[in-house]
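You will see subunit A twice below: alongside subunit B first, and alongside subunit C after that.
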Partner chain A sequence: MRLFKFNPLTAKKVARFKQIRRGYYSFLAILALVAFSFFAELFINSRAIVVSYEGELYFPTYGAVIPGDTFGLGYSYETNYRELKERFEEEGSDNWVLLPIIPYNPYENNEYEGVFKPAPPSFSEGHWLGTDTTGRDIVARLFYGFRIAIFFSFAFLILTYLIGIAIGCLMGYFGGLFDLIGQRLIEIWSNLPFLYVVIIVFSVVPSSVPVSARIIILLTVMVMFSWMGMTYYMRTGAYKEKARDYVAAAEAIGASTTRVIFRHILPNTLATLVTFMPFTIVGAITAVTALDYLGFGLPPPTPSLGELLKQGTDNLTTAPWIVVSSFFTLVTILTLVAFVGEAIREAFDPKKFTVYR
Partner chain B sequence: MPQSDCTPLLEVENLKVHFPVKEGVFARAKRFCKAVDDVSFSIKPGETLGLVGESGCGKSTLGKAICRLLQPTAGSIRFEGESIESLSKSQMRPFRRDLQIIFQDPAESLNARHTVGQILEEPFIIHKIGDAQERIRRVRALLDKVGLPQSSLEKYPFEFSGGQRQRIGIARAIALEPKLIVCDEPVSALDVSVQSQILNLLMDLQRDMGISYLFIAHDLSVVRVISDRVGVMYLGKFVELADGDELFANPMHEYTKALISAIPVPDPTVRKDRVVLRGDVPSPIDPPPGCAFARRSPIEVSEDVASQPGEYIEVSPGHWVEVHPATVANHERFLVRS
Partner chain C sequence: MKHFNLLKFTPLPILLLGGLLAGCSSKDESATPADPETQARIEAMKAEVQEYYQTKVSLPPELFEDLEAGRVTQEEVDKRIAAGEFPKFFNFKTPADLPDGLNWKDGSDLPEIGSPKAVKGGTSYSSIQDFPRTLRTIGPDANGSFRTYLLDYNALQIARQHPNSTELGEDGPLFFAELAEEWAVDKENQTVYVKLDPSARWSDGKAVTADDFLFMFFFMQSSYIKAPWYNNFYNRSYRGITKYDDQTFSIQVSIAKPDFATYALGLSPRPEHFYGELGDDFPERYQWRFEPTTGAYVIEEGDVRKGESIVFTRQKDWWAQDKRNIRYRYNYDKRRLQVVRDVEKAFEMFKKGELDAASLSLPKYWYDKLPDDDKLVEGGYIKKAVFYNQRPRPPYGMWINTAKPLLNDRNIRIGIQHASNWELVIDKYFRGDYERLNHTAVGYGEFTNPDIKARPFSIEKALESFAKAGFDKRGSDGILENSKGEKLSFSLTTGYQTFQEPLTIIKEEAAKAGLDLRLQVLDSTAGYKRAIEKQHDIHFMAWGYGAEMYPRYWETFHSLNAYNPDGSIKVQTNNLNSMAVPELDAMIEKYRNSSDTGEMIKLAHQMEQLIHDEAVFVPAFYIPFYRAGYWSWREYPEDFNVMTSDSPSEFSLSWMDPKKKREILDALKKGKTFEKSVKVYDQYKSAD
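Entry: the complex of A and B
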């Protein structure tokens, strides 16, 4: 028995989505990237994956800091595994270190010619795309930046949809004065200038607030000013479904209001919202990148695409590799997600025959 | 004390359902659409009351108001002697077991995202009847009762034909073994051959379970087959109500006569005297004053007479007619008596 059985209509839509190659492969690519980003520490990290020292195996990737003393390095701060590897190779002993493909984390600064300045791409150094203005590896910055952006966008999506669906559905179902007042309040709320609010909020938040809390504050502010769009679709959807006979039939059996909303109206209106999801993700990534570019987004030193773009445009002639790599990363991600969105829209289109393939 | 078997199952008295017509954003409703206007009738246990009339005459509104899917504006609805017209949603729930509805379009009245099993299980879940296994057993019994294969359980409504879907709708309505089912044009959306199957099913169920029907239709030949008594509605009001045989044999009201003359006869050689009405049905928002039908009746009367209201009286035992100079030939014979 299958654990999860699609409604045959939904199954048909999924089958049609798979037929649209460009969207389907983009979806797989995004899925692979997101899955990969869960294990990013194993591939892009300054900590070694495995260290074999004096017959014992160490796995430093996850868990507490292993000080240099452990491997006979004579210091009590975190081991520099790149140096450790060189040292073991010089000694020629049985000890060995397995480093990630890119042995840098997104926060550490590497000097170039003795000072912190952008280093050009170099395979011998392990900086495949060079470093940024403070000597941090660009591949690491880009990938961790992507990871934060995509998870930020998913959180944004879930929160805006939850609020938008709940309020829109209530307005559509109950209608009347509640709907009228709710609509006017939403209209007023939509006209508050989002950017000013962000600037004001972050000028008030004290610098002692940790980075993670700042990210949550940014998310909250963005959600507070973005949930209104969904209410329009849900409101009309609920209005439409509520007047149909199957809802009347459920009421005639004696179904409670919550049952009518959650078992009957919501499942019939939600399908259309799936179409909007990829575009919401694209919007969120763009918004947070733009905010980062302006300096109001994710707080430093969080790796972010917008911050890299800013560095790149500031050093356009001296370090063109920064802007090139961050631009291409951003364009690739947005294009992939937009392809997925296009394909979903096409697959869910009630009018089957269109030009797009 | 009335005898128990004489107590009507459903009594409707002076029921009105008016919808406010709003004009402009801030305007209060000044005018009302009188969809159902001052209607009284009763249904006995095990009886079928047919209800006919043109589109827009308020038949469906009346049916939905009785099921409390619409809030009546005035009047009373008594079910087994208890007033249900102003009960709250939760107070109404126990009555829902005895009072069900079948809709016209089975495609609309079944949730496309639920399987037939889920649809038929819902009444038992809502009324907390049995555990999961017991419910499935009952759902299977329901499928048998309405003549659907057991394999329907996992299928979705759109995988069925119109007639089969209506069987699902009927199965849901009889799930809780109701005493009264409002059938809101249950066969209008079906092919003629399928119509008779569904009508037979409804009559079989009535015989087995003793259900009463309020059978709404616009097809007189359908109503004739299934109904014990027939009511004719025009513009929100009853214009004639009588036993089925009596109504078809001896229609009094000109409107009823016109409807009966419009029943198609499957014999091209028969010449029929059609009673053709003048003009269109007036809007229920601004009905003409007095008798709403007078200006369309084949019996022509002056405007002065037309603007006098008619009188709904029992002309012979069980035969009620809206008596007005324009609606009933030789109307004086009835008015003298009253």
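Entry: the complex of A and C
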């Protein structure tokens, strides 16, 4: 039994989308990655999944830090589970440790040949893609970097669309002086140089602000300078729909402005909106990567694709695996999202045969 | 890093990556006849200067201390000046008034620096990270690293301290003549007499005279230049100047410090004829004008391409080119400085031969990016050199702001010391090449306290100390908390992008001791501003100390530079610790006014101990050498460089043969190889 039914038009669009294999599989792949990233801590982490010690079971992944003292290691900071595993194995006791597939977190520095420097990919060490310039595992940094980037861009998408749609629809619906003034204000606003604002804002943000708040500030600044694009489409959409009879009918039976805009006009302009979504995600990932690359993005040592890319280009000849893995990761993500975007656009296109075929 | 003690010290800019370049300067473009308005302005300034010479008096150093401490008011001082209580600063006498029995010297008995093999010619190619914001050498924005090329490495002084010797003669450090023909030191009256070299010329052809030195004092003391530090320095360090004739003058220094002669002999004149239009609009008016120089290099018209490059040209028939200690230096005909913002890109350009040299002081360059078995090194196209120098070491470390909550607790500061694992960084990241710094004043010979050792990384000791401050239990994230639920968390800021990686290691290690450091890496200007505005919790940086005889404490540790009289934080000073300890203040004042070497050494050791006990500075590391890679068409003297140099280019000792450059590039194409050269010059290696 289905919980809800699409209306026939939507169902047709969904079916059409599924038909476009490239886009559909890309969509599934991204969905899988996002779903996987919710549980990334179980697969890529320095914390063990399960520790069995003296007959008791410990699950360190999601809880508080378990100090080394708990397992008789004689230190009060977080247990090094890789060492613990080796120790248990050496002792040959009944204690055991189950480590994630990649037993490294994105922050810890691992030595290679006795120093902190990039190590080439090695399966035996568990560094599948090698390590970066201070010996941090690249898979871990890429994956957690991806997770931050994708959630960042979802948040970015939702916020820009909320603002863009609301203001765009209002301008289109009311028209006249409101539209005229709104348009001019947007023109002025969009002429502010975004990059300078980011630089200035981050130079005045006190360093006492924690990382999470800094990410929110970055998001806010980016949203502030990105919602304008959407207003143009929604404005034209609203203008067009407003002239239709059904809007006049709705108004005639006394529907409120909010109701007319959000129940009648908006659903009919949705097609435009949906097709833009994936490309906004691409844009947001690119923007946050670029900002990190330039050093104005997320504060170190937050894992990020842009920072890794920068390290890669800085060490092009001495550690090519850094740039290769970060470049391919970025290209893959962006390509997948773009494929989804193309497919959506085609699925929503009333003309069945288009160039996207 | 700056030269001698007549310059304000600045944050160490790009020591490791900066260039292997030498300095240069500029040319007067005001030769065109001035319009009537400007002419009137010049006349007015002339009158103002003369008036100043007549009225300026010299105040005793104690009075400055009293003024600063608020023991006397400016009005009282003004009254006493009006009453004629103080002697005049500018004095005019005749050669007959010169005292008898002066012991004139010219430093020609000292060994000469540079190599007689040096030839003139060729162009050197180097990079700078940022285009300079001004071509002035004083005033707003002039304190950047580009000043080095204009002034420090180029302009001549009356005499220069010999860079291969830190020993003391009867008059203090040993000097060789630059602008002077000879000089004499009168220790009793802390006065230095100078006879200028009659051939000394500004780059616009005008003679350098005693008047340029009188004017220098007017200039450096005037409010027009918008440089309060220099105003203060030139007011309180000197008692006066006396002109005997156009070539002869004497300068009296305020305090008979053991190296007081440096204060006089280290001076560079200012061209009076160039600064005729001086006024309140000085910063804008002179922003892109090149001051005529006494040094070898000038900037010719059209050689400043804003945002891109600057070319310095060696003057034809430069007046000092045959002078002892100068003749084998400043060898290139042209020096081209190209702006390359990305350090890694500059390094690749060097490997392609577009730049002549690169710093290899960072281990990743020395071992990974240009290893000894690199094709270019194996083939002898690029040479590598390690040079151990001897000089005050820039104090790389974490400056803790004691004005911030929790950081005002000494136990927390001691905990931070023990929680900072610089041993690991030096060992594993710098690959054991660098040395652990023990305190703020390393490399000053006897003045360096040998007994202080930096606190080692120790989780137990850190936890113990944090516990004393009430932080005794770990939260769920492993970070310590106190009973109020406050977290032990501070921001760690820096303007050095180069050192982001070691700082992330420090952060990870500190977490083991329950200390959370929130790392923030800013660009260099923003980072420096954050620190001198005292907005930081903990800031990582080093000061660029000059090759001075003894460390300075007033700027960095005196309470006057920490708090205003009303108790608010004093910004724009070098006291990054907001250090205000009365006992230390007293010692600093005594040290500052002391002329007894033994007493100064004792005080320096005591002050350093007190700073160590207060645990306000986490010493990180120092680099006992510099390393360079350079294309083999570039030549250096047999012993490579001089003892106190801080970079291969500081004393402009290198040279090149343009023919050889073509040969080498040609050989590289054809695969013809040369002898490999990786050399260690450890003749000046010492245990600091």
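Methods note: the second predicted complex is superposed on the first by the 352 of 357 C-alpha atoms of A that agree within 3 Å, B and C clash if a C-alpha of one lies under 4 Å from a C-alpha of the other, contacts with A are read in each partner's own complex, and residues count from 1 in each chain.
Assume a residue touches a chain if its C-beta (ideal position, glycine included) is under 8 Å from a C-beta of that chain, and two chains touch if they have at least 3 such contacts.
Nothing here was measured: the structure is a model prediction, and the numbers come from that model.
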| item | value |
| --- | --- |
| Subunit A as common anchor, with subunit B and subunit C clashing or fitting | fit |
| Which of subunit B and subunit C A:Gly254 touches, first, second, both or neither | first |
| Touched partner set for A:Arg244, first subunit B, second subunit C, both or neither | first |
| Of subunit C and subunit B, partner touching more subunit A residues | C |
| Subunit B versus subunit C as contact partner of A:Phe178, first or second or both or neither | neither |
| First, second, both or neither for A:His264, with subunit B first and subunit C second | first |
| First (subunit B), second (subunit C), both or neither touched by A:Val65 | second |
| Which superposed partner A:Phe6 touches (first subunit B, second subunit C, both, neither) | neither |
| Closest Cα approach, subunit C to subunit B, once both complexes are overlaid on chain A (Å) | 44 |
| Shared subunit A contacts, counted only where both subunit B and subunit C touch the same residue | none |
| Contact footprint of subunit A on subunit C as seen in their complex | 344, 363-364, 368-369, 428-429, 431, 459, 463, 474-478, 491, 493, 497, 500-501, 503-505, 507-508, 511-514, 518-523, 526, 530, 535-537 |
| Subunit A residues within the subunit C interface of the complex | 63-65, 67, 75-78, 107-109, 111, 114-117, 133-134, 203, 206-208, 210-211, 295, 299-301, 313-315, 317-318 |
| List of subunit A residues in touch with subunit B within their complex | 7-9, 244-246, 248-257, 259, 263-264, 267-268 |
| Subunit B - residues contacting subunit A, complex | 64, 67, 69, 89, 92-93, 96-97, 99-101, 103-105, 108-114, 122-123, 126-127, 156, 158-159, 169, 172, 176 |
